[in-house]
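All remarks here apply to the structure that follows.
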Amino acid sequence: MSERPAAAFSRNEMMIVAAARELAGQRVCFVGVGLPNIAVNLAKRTVSPDLELVYEAGVFGAEPARLPLSIGDPTIVTGAIAVTSMFELFGYYLQRGLIDVGFLGAAQIDRYGNINTTVIGDYVHPKTRLPGSGGACEIAINARQVFVIMRQSARSFVDTIDFRTSPGNLGGAENAARIRREQGWLGSGPSVVVTDLGIYHFDESGEMRLDSLHPGATLDEVRATMGWEPRVAEELRTTPDPTAQELHLIREELDPEGMYTK
Amino acid sequence: MTSKVASMRDAVAELVRDGDTVAIEGFTHLISFAAGHEIIRQRRRDLTLARMTPDLVYDQMVAGGVARKLVFSWLGNPGVGGLNAIRRVTEGPDASLELEEYSHFGMVARYTAGAMNLPFFPLRSYFETDLPRANPLIRPIESPYGDGKVYAVPPLRPDVTVIHAQRADAAGNTQVWGLLGCQKEAAFAADRVIVVVEELVDEAVIRADPNRTIVPGIIVDAVVVEPFGAHPSYVQGAYDRDNRFYRDWDPISRDPELTTRWLDEWVHGVSGRAEYLAKLGAERAASLRPAAPAPSGSVDYGAYR
Amino acid sequence: MTSKVASMRDAVAELVRDGDTVAIEGFTHLISFAAGHEIIRQRRRDLTLARMTPDLVYDQMVAGGVARKLVFSWLGNPGVGGLNAIRRVTEGPDASLELEEYSHFGMVARYTAGAMNLPFFPLRSYFETDLPRANPLIRPIESPYGDGKVYAVPPLRPDVTVIHAQRADAAGNTQVWGLLGCQKEAAFAADRVIVVVEELVDEAVIRADPNRTIVPGIIVDAVVVEPFGAHPSYVQGAYDRDNRFYRDWDPISRDPELTTRWLDEWVHGVSGRAEYLAKLGAERAASLRPAAPAPSGSVDYGAYR
Amino acid sequence: MSERPAAAFSRNEMMIVAAARELAGQRVCFVGVGLPNIAVNLAKRTVSPDLELVYEAGVFGAEPARLPLSIGDPTIVTGAIAVTSMFELFGYYLQRGLIDVGFLGAAQIDRYGNINTTVIGDYVHPKTRLPGSGGACEIAINARQVFVIMRQSARSFVDTIDFRTSPGNLGGAENAARIRREQGWLGSGPSVVVTDLGIYHFDESGEMRLDSLHPGATLDEVRATMGWEPRVAEELRTTPDPTAQELHLIREELDPEGMYTK
């Protein structure tokens, strides 16, 4: 066990721990690179030991011997249950509806959980050219639930995203549910957003609602880092501190160099 | 059986032409940097570069001036950040590199349609996104069973596909283990195929395990033997990804002058992969070897006579 | 990890219901006769039987009275002749078995659409043939790129798919070598999956060679350990096809009374596969073993720590 | 070498030998069960040693150690170049246009090479229920050339087939070429029919033309076993006798029990 006191933790560590805890009871998780990767691997070591890790590179049931540095790291292949072509991974696993939780990050997100990872500014002459969809667009449509993990800032939590790469609750829950039903999407869209300040779920109207504030974070900070007036749960909770075990796993096993958690 | 074994120089000289659509495929695994560098070295021009994840190899090729257009689904230096040479020619009012953009599954489906000689491939992506507006080749299509619509992507048929593999025989019969990406589909979709391998093996090795074959020699035009030809990406069982290289590329690629100097030194300044590897050093290569073997075990096909 | 290991009797009792669409797949290789016989033994009724090549197993099931309908692409006793029990209920004015007919690729495409959750799958077959008239579910579809039309087939989503395999672990992670047919697609397309194996192996055997896995346990409901469960079809590396059985079935199946007697003796008259095998005799089984081993050889995945 | 004199051969043997010789110079051949199987394996041992055998069961580059008894015999797998799923075999090999020659048999064939293997009589209440398409329909459309090998009879060489399972030259060459071009078919249709009486190719109009009579067969026999008046080449040849080597291979290696050749 780490000898540092449990209370001394960074906001990034809190974010990862909160995201990992949200995975309790989930079965099959599509892992993204970076923060989701650490959160999922932490969940597998704590709240969800039976979690099957799926990587879009074509791996099902990975048991990485080290924290994978990319979603195609050879450590996710050796000892996995199955390695498939990407055609099969995206077709037979994701589009087929076998993924319970897909993780997404975002450059911009709106109140309905619609996500932009394509461009900032105009599409043809962008101010910033971002990575694009990768598998995000299909995860948003086909994963049974979508978890978002990202740091909060006024630049990223915006009233209107510049480009919709991955659909969330579209213009609201009713509309989104109708479209998902009509189009035969298997996914039910975004279900949780975990940031460095708190945990959001989506209310009946399909809008993000702050349900839990991380220790030390304030509502003012939340408001200062969002492009809209956030809905707040009537009984706003405080996220429990990371446990000593959670911090130990992050610091000693999952991110010993502190690449993501400092 | 005619041998298709060729040097990288000859394979690229003969099979890659100015204006071609070229796909160097391999999802994080088995990326043929050796072929990319040879294409830069031979100063090909006006290429359309297709790849799910352009990765460093296309950042270097764009910096090397070979590309007119990029067809892709995710543009980044995985785990590190952006692709800076590509960003320089795709951002702002003077953006000069043409982009044609899909999602991962869209790119895979495009290669699959090419490999199957289909006029389109249907998928459930793209609904309620801006992607079909950004790329009008992503089109809605009605199900003929009256149960709604899906989206279609058009076939992608590269003039040349290059893949890197653990092993092939001289006829080009190719086997891969670990991540398979979309190499099979990209190879079958192509007009010409270059296979680069860690190891040239006897046909008997291939025939001992036919389920391991991803590409038959019948569609292969050249087999290039180039151990460590996927560095700084990796080859399952042979070497690891060189993460230092990926990190180092970030500051180099941010500076146009440093980028040019790097290409001069590591691409134009060497005659080929052997010299590149000598320059990299045996120690660096050795540091990338796996910690220990992890054997698959053998299965029995049985002799039926 | 929960074990899914079950007896054939329990697996069929729990997972196969009257009226279901059942696919026992395996193209000439790995046909689960053991499951077919158990379904007859438990007197399931009104099944829609889907299979590319109905083969002897469906001839026996039709004779056993379990089927209402057949979905298929080739109806025969390969290398011998017709399927006589099926012919009796499909020829002439009193034909009572409903047929839904495709081509091989059409059936494969149907399973693939089911496995991918697509509303249809496009293919270049059927043009200028009578098949779309015989089966109105084969429908033309226009390419959204203005380059003509192709045909579409609808997804096939069996209630239950049964596959036989060389090995699986207790969680249902399943590996196959030799002919793969369309088992992967048929399994992913199904609501419930029964895997029957020659050998139950430790999870570590599966994890040592993940590229060999065709079906993950996550979609498997029951694992039945039934060595020689594919007899009289074959299992690559384990036993050969019992051609004598295929030839013997022809005269038996031509005579309704002989057919009933055969079912009474070999299906209803035994409690399960073990008794069937004992009846068949160790000598007959031994005669089907391959002449010699033909090992695949091992590949190295490398330990990356 | 067999001690029987070369001249003593059956019509089935002549048919197989003639079909094998037509494969000279071909590269990739889709093998069917039965007669095609023997013909192709004979060609590989004589006129076309580089022939790659493809079996619809999912095998490319088979080197069967014995004559396969079905198209899924384990002997075609052991020692093959590649084994694939049937999705890939039909999609990436056949539909992609990689098959030079596909072999078809027929229950009924018409003068344009259109083939019926589905039913005799009415589709819904057939007199005889035949096997159906199997892969025949896609071979006819996608293989670069189609070879037909079948015994001739008035029941099988008919003026009008009862069901078109596999398209040949449709209603004639011009029409067929236009449709194949318009639809983007990669195949050019039937190119040769080998029977127990002779060898047919297709003329400019797309009709079968008798180009060679097997030794001992007569034009009268040909006419008596066809439902239409056959076109005959101006210079009708006689098929050269099977060589001693060809007969030896058939009798000793490929069909020692004479299942197909007696």
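Going in written order, the chains are labelled A, B, C and D, and every chain counts its residues from 1.
We take it that a contact is a pair of C-beta atoms (placed from the backbone, for glycine too) under 8 Å apart; a residue touches a chain by one contact, two chains touch by 3 or more.
It should be emphasised that the depicted structure is a prediction, and the values quoted were computed from it without experimental measurement.
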Inset, instruction - Check every other chain and keep only those touching both chain B and chain D; list them. - result: C
Legend entry - Chain-contact steps, minimal, separating chain C from chain A: 1
Inset, instruction - Measure off the straight-line distance from the CA centroid of chain C to the CA centroid of chain D, and report it in whole Å. - result: 28
Inset, instruction - Provide the C-alpha centroid distance between chain B and chain C, rounded to the nearest whole angstrom. - result: 37
Legend entry - Rounded Å distance, chain A centre to chain D centre (Cα mean): 58
Legend entry - Contacts with two or more other chains, residues of chain A listed in rising order: 59, 73-74, 77-79, 83, 91, 95, 142, 184
Legend entry - Where chain C touches two or more other chains at once, by residue number: 112, 117-119, 123-124, 147-148, 177-178, 180, 184-185, 208, 211, 236, 240, 290, 294, 301-305
Legend entry - Pairwise touch network: line, ring, star, complete, or other: other
Inset, instruction - Could you list each pair of chains that touch one another? - result: A-B, A-C, B-C, B-D, C-D
Inset, instruction - Provide the residue numbers of chain D that touch chain B in the complex, in ascending order. - result: 27-28, 50, 52, 59-61, 63, 65-66, 73-75, 77-83, 88, 91-92, 95-98, 142, 184, 186
Inset, instruction - Please name which positions on chain C make contact with chain D in the complex. - result: 27-29, 52-53, 72-76, 78-79, 82, 86-87, 90-93, 95, 101-106, 108-109, 112, 123-131, 133-134, 147-149, 177-182, 184-185, 234, 236, 240-241, 243, 290, 294
Inset, instruction - Flag every residue of chain D that touches chain C in the complex, lowest number first. - result: 33-34, 56-59, 69-74, 77-79, 83-87, 90-91, 94-95, 118, 123-138, 141-142, 163-167, 170, 179, 182-185
Inset, instruction - Spell out the part of chain C that touches chain A in their complex, as residue ranges. - result: 1, 112, 115-119, 173, 184-185, 188, 206-208, 210-211, 213, 216-219, 301-305
Inset, instruction - Over in the complex, which chain C residues touch chain B? Could you list them? - result: 117-124, 137, 139-141, 143-145, 147-148, 150, 152, 154, 166, 177-178, 180, 205, 208-209, 211-212, 236-238, 240, 290-305
